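Here chain A shows up in two complexes: once beside chain B, once beside chain C.
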Partner chain A sequence: MPSTSPGGDAAGLGRLRAALFTAPALLLIVAFLLFPALWTLYLGVTDYRLTGLAAADPSTVGLDNFERALNEDRFTDSLWLTVQFVIGSAVLGQALLGFTIAWLLRERTGVLRRLVEALVLLAWILPSSVVAFLWIALLDRDDGTLNALLGTPGTAWLLEHPMASIIVFNIWRGTAFSMMLYAAALGNVPPSQLETARLAGASTWQQLRDVVLPRIKGHVLTNLLLISLWTFNDFTPFLLTGGGPDNRTEIMPVLLYRTALHGGELGYGAALSVLMLLANLVIALVYVRLLRSRTKEPAA
Partner chain B sequence: MNESVTRALTTIARYTALSLLLAFFTLPLLWLAFAPFDRTPTIAASLPRFTLDNFRQLLENPQALRSLRNSALLAAGTGALVVVFSALAAYALSRVRLPGRDALLYVLLLLSSIVTGTAAMVPLFNLAFELGLIDEQLGVILVLGGGLLPSAVFILKDFMDGTPRSYEESARVFGASPLQIVRHVVVPLVRPGLATIAVWSVAQVWGNFLIPFLLLRSPEKSPAAVVMYTFYTEGGQPDLALIATFSLLYSLPVVLMFLFVSSRYGFRFHGGIKS
Partner chain C sequence: MAAISLTGLTKVYPGDVTALDALDLEIRDGEFFALLGPSGCGKTTLLRTIAGLESATGGTVAIGEREVTALPPGRRDVAMVFQDYALFPHMTVRDNIGYPLKIRKTPAARRSAKAAEVAAELGLADYLARRPGQLSGGQQQRVALARAMACHPSVFLFDEPLSNLDARLRLEARTFLKRLQRELGVTTVFVTHDQAEALALADRIAVLEAGRIRQLGTPTEIYRRPANTFVASFIGSTPMNLLPGTVRGAWIRVGDALLPGPIGTDAAAALPDGAEVVYGIRPEYLRYTAQHAADVPGALPGRVTVIENLGSTQLLTLDPVAGGPPLQVTVPEDLPVTVGEPGYALPRPERVLIYRDGNLL
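Up next is the complex of A and B:
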């Protein structure tokens, strides 16, 4: 087969071999990514359980599982907690803090910048079961470092303010991504424009609003969508609170785990899985549309 | 004068903000830095009365060491799988115009960000159950590999698109077979890309808690992520010396890998899953 396009199939692979080359990866993706997603649509309309009668012979219950979810306080409470968690820790927390750090460090190159970046990144890359314990120790009621510092001995943060605790924890855990993304974005803002605005007497707020924000709008949206998606799918709060006390930190991933795998209600859990997958799909579709519309316009 | 006062205030505000940020990010890490070397580690972070004795105890703890070996096994298995499969697929997709290629790549990437281990834990558990992969490390490797592959293919295809094809062409002129070309010409050319994918997948698996927590039952097969969790949740007084040294040892590889990648290739981040 003579090469059809310059710089095409240089090794003479041919379509058949090319298909064989892609087959192992595709098979694995179909089996462990695509199939589970489709299968859960079916499982979600059954009363499948881990043990008991419905385990041997699950029967179809139609949309009962979804109806049950919408009528159950535990589900709607969990949804509301998830919204708080995503908006509080990702949209407001990580994005704002990440931008603040990138902005404060934008003209620096020295030790201070590297130190701040290293610590923020460290919080991001350490294994989740390690950081979870570090925070349990920090927030401990009797000997916790935080209580010693604030002079509030005996405050059991994870019991008294569980939601606030996991929100602050997740801000600490995930700000690195936003910081790096905004640092890269700020590199695209011409310093001369900021200088001009400053000379014209613009305050920092005005500079941010009129010069910086229009230039990094695409990055802001990308960042918000990705960190929302990740935070929505984050299981780490479970390691800190296990969903407690009294389900007060039972965000969707934790509810899913507790009902399906701990409680054994796989059918109902599969329906919750479907709802989570749908939410992910919506976020991801918005993201892809955004990427497409951005690649169509010549670099704004 | 007014202006210089404003400027001074701005500088003070800026440094105050930076100090507070440093404190916020350092505070939780202090315990990890000090407790492993403390003769009597407590839950509070404090300057240690130095000893290395805790590490000697850790090395005598069979459960801790075994879990690190399990982590290494899972990470190496998944890493090898992801590198080989994604390299083959990325090369074919980069060089041969298969029908529907671009759409396929987009769908795959979309799929991998939607079907996260968290959202799909029920069908993944069921699938492993039906395939007899519950409490099998192979199950964890396949599930994690399936999740990492789309992003790996996407990143590597990008990388391969940017490498010159002239070497492959001349090798072909000299009569090398396509497989020989891939092995002896392409692989050396894209080695940095392969290394990035390897380090990235190993790091993802090393830290992953949820999938082994769902799929493995016996403590002898559990990786460090899960065993670490049992150290502080299973009843009784937690052994702080053990938790401290184990945390440090378990964290060290990801920190080293991160330093390696960022010093060698500069740190770039990509979308995709982070479950």
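Up next is the complex of A and C:
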């Protein structure tokens, strides 16, 4: 590394001045990212509450909060609901639907393609509160659009099928990202390879298996990683069901919110958020592992 | 093995772009057939329509005794080699070659044996376990050929098979391809924009322009007697000189000079004096001389403006004294010529072609 300038770095600033220039940004990061993160870690081992005695004088309780969470049915139920939500709406729903739309649109141009893309994107870019309102109107028991369409008056979708409702809702809302990612990925598959498969007599399924999927495996894994994490941390279903009825849609972010802000148990809530973070980490590690094994393979 | 017969084949793309215009063509059994033309002439569309990758707007495609116009590509019994070879990068050479057999549900052991057998024929025996990314361009091309051969199709379709190879390898591959086609005897249609490639490889050539066949014939016919000025200017490594002229008895007047009319046909001589024609002569069939008696006809005076060294020959560009388009003359490598010197181009009468309204007389 050539260090010709007096400061010992390319710009010739010297350590001190360079540090001063980055200080404002670092300060903001410390204040709004690092500190809250560490604070959460600390809160997780206290009995800190929003109100009452423990709010004024929290005491350290060690790993009690974590022990409590792991022994509490409400936590394990919530974790299980979250898994269903992630697998149902992200891994199966958004990814499959997004891929299907991208595949069907791959050779189309013009009005149809732009219309579909616009509609799918619209669902993605609308603010959550607006979208939630639309879906409440759609699923309403008495005057809901869905009941009118299906001819099933009086069906309270959000009460009778709460989990299915938020899964369908999240598929509708998030498919755009997968669709766009897969559309870009499919653009990278050389048409001649698909045509070679067609000339050999391969069915659509065989073309997907032999030509497309091996080619876009990296895109698929990246897509699944991102949408799994986003869905795991998604709070929007709360706007539809509030976690109910009877906690049947109390996914992790909702449980956390209700515990910490409704119940006022900030210490326990902080412990839950640390557990969520760990769950995120596990998901990320699994995918990163898969991605890495994929990049190693061609050299073998 | 089978003949291919196209009747009234038409392909119109959305937006009223006619790629193929009511095209009739018979390709004989076992023939090595070239579709030649500039880009956008419809040659690739024609190949893809035979393959079934494009559906015809009108007309029929028959392979052997079967009419296949409505059949999907996989049921036409054809194999195609693409310009980019279209090898599957995640599969080994063995799996690539065996892929069509896999789709046909051939047992794995037979598939592997067949792949090894075909690979050995093409000198790929040592590379069966490799992936395409680990092979050279020439090897990749042979893998693509092997894959096409593995399922014994009745027709091979090649889309610009040599254009991704570098110049030296291309010559090697050309010889290889010609020998292979002879040995296999499979009807082969290939698309190229390179006239030299078409002349070298094909038994017969169809020259296409704007979705129509402008000339159909053997390489010799097409090179010696291009049927129209389009083919004339397209075929030949140095384009044919096409000079505007007028009929003057048995001679053609080009600029101030009188040039000899063609021998072996009196079609030009039958034209009335003053009829406007195009005088076609290849640079190879022009003789160049620095000295010429002024009163002897048959030479076009000019001035040398460019000399291009082509190795065994030199290509001179001559600006006619009387004006008009420059013409090119091929001369031996050892002829001393300098830029700017005056000189004369003398056509060989037996090679002169006369075009009227764009068509050969």
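Quick note on the criterion: the second predicted complex is superposed on the first by the 259 of 300 C-alpha atoms of A that agree within 3 Å, B and C clash if a C-alpha of one lies under 4 Å from a C-alpha of the other, contacts with A are read in each partner's own complex, and residues count from 1 in each chain.
One rule holds for everything that comes next: a contact is a pair of C-beta atoms (placed from the backbone, for glycine too) under 8 Å apart; a residue touches a chain by one contact, two chains touch by 3 or more.
Quantities reported herein were computed from a predicted structural model and do not represent experimental measurements.
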Determine, under the contact definition given at the top, whether A:Q84 touches first (chain B), second (chain C), both, or neither. neither
Chain A residues in contact: does chain B have more, or chain C? B
Look at A:D210 in the shared chain and tell me whether it touches chain B only, chain C only, both, or neither; answer first, second, both or neither. second
With the two complexes superposed on chain A, say which partner A:A123 touches: chain B (first), chain C (second), both, or neither. first
First (chain B), second (chain C), both or neither: which does A:N247 touch? neither
If you stack the two complexes on chain A, which partner ends up touching A:T196: first (chain B), second (chain C), both, or neither? second
With the two complexes superposed on chain A, say which partner A:F32 touches: chain B (first), chain C (second), both, or neither. first
Which of the residues in chain B come into contact with chain A in the complex? 14, 17-18, 21-22, 24-32, 42-45, 81, 84-86, 88-89, 91-93, 95-98, 106, 108, 110-127, 142-143, 145-147, 149-150, 153, 165-166, 168-169, 171-172, 178, 181-182, 185-186, 203, 206-207, 209-210, 214, 224-226, 228-229, 232-233, 243, 247, 250-251, 254-255, 258, 267, 269, 271, 274-275
In the complex formed with chain A, which residues of chain C make contact? 51-53, 72-75, 78-80, 82-90, 99-100, 103-104, 131, 133, 147, 151
Chain C partner contacts - residues on chain A that touch it in the complex: 190, 192-193, 195-202, 206, 210-211, 214-215, 298
What residues on chain A touch chain B, complex-wise? 4-5, 7-15, 17-19, 21-22, 24-26, 28-29, 31-37, 39-40, 43, 48, 97, 100-101, 104, 112, 115-116, 119-123, 125-138, 140, 142-146, 148-149, 172, 177, 180-181, 226, 229-230, 233-236, 239, 242, 253, 256-257, 260-261, 266, 269-270, 272-273, 276-277, 280-281, 284-285, 287-288
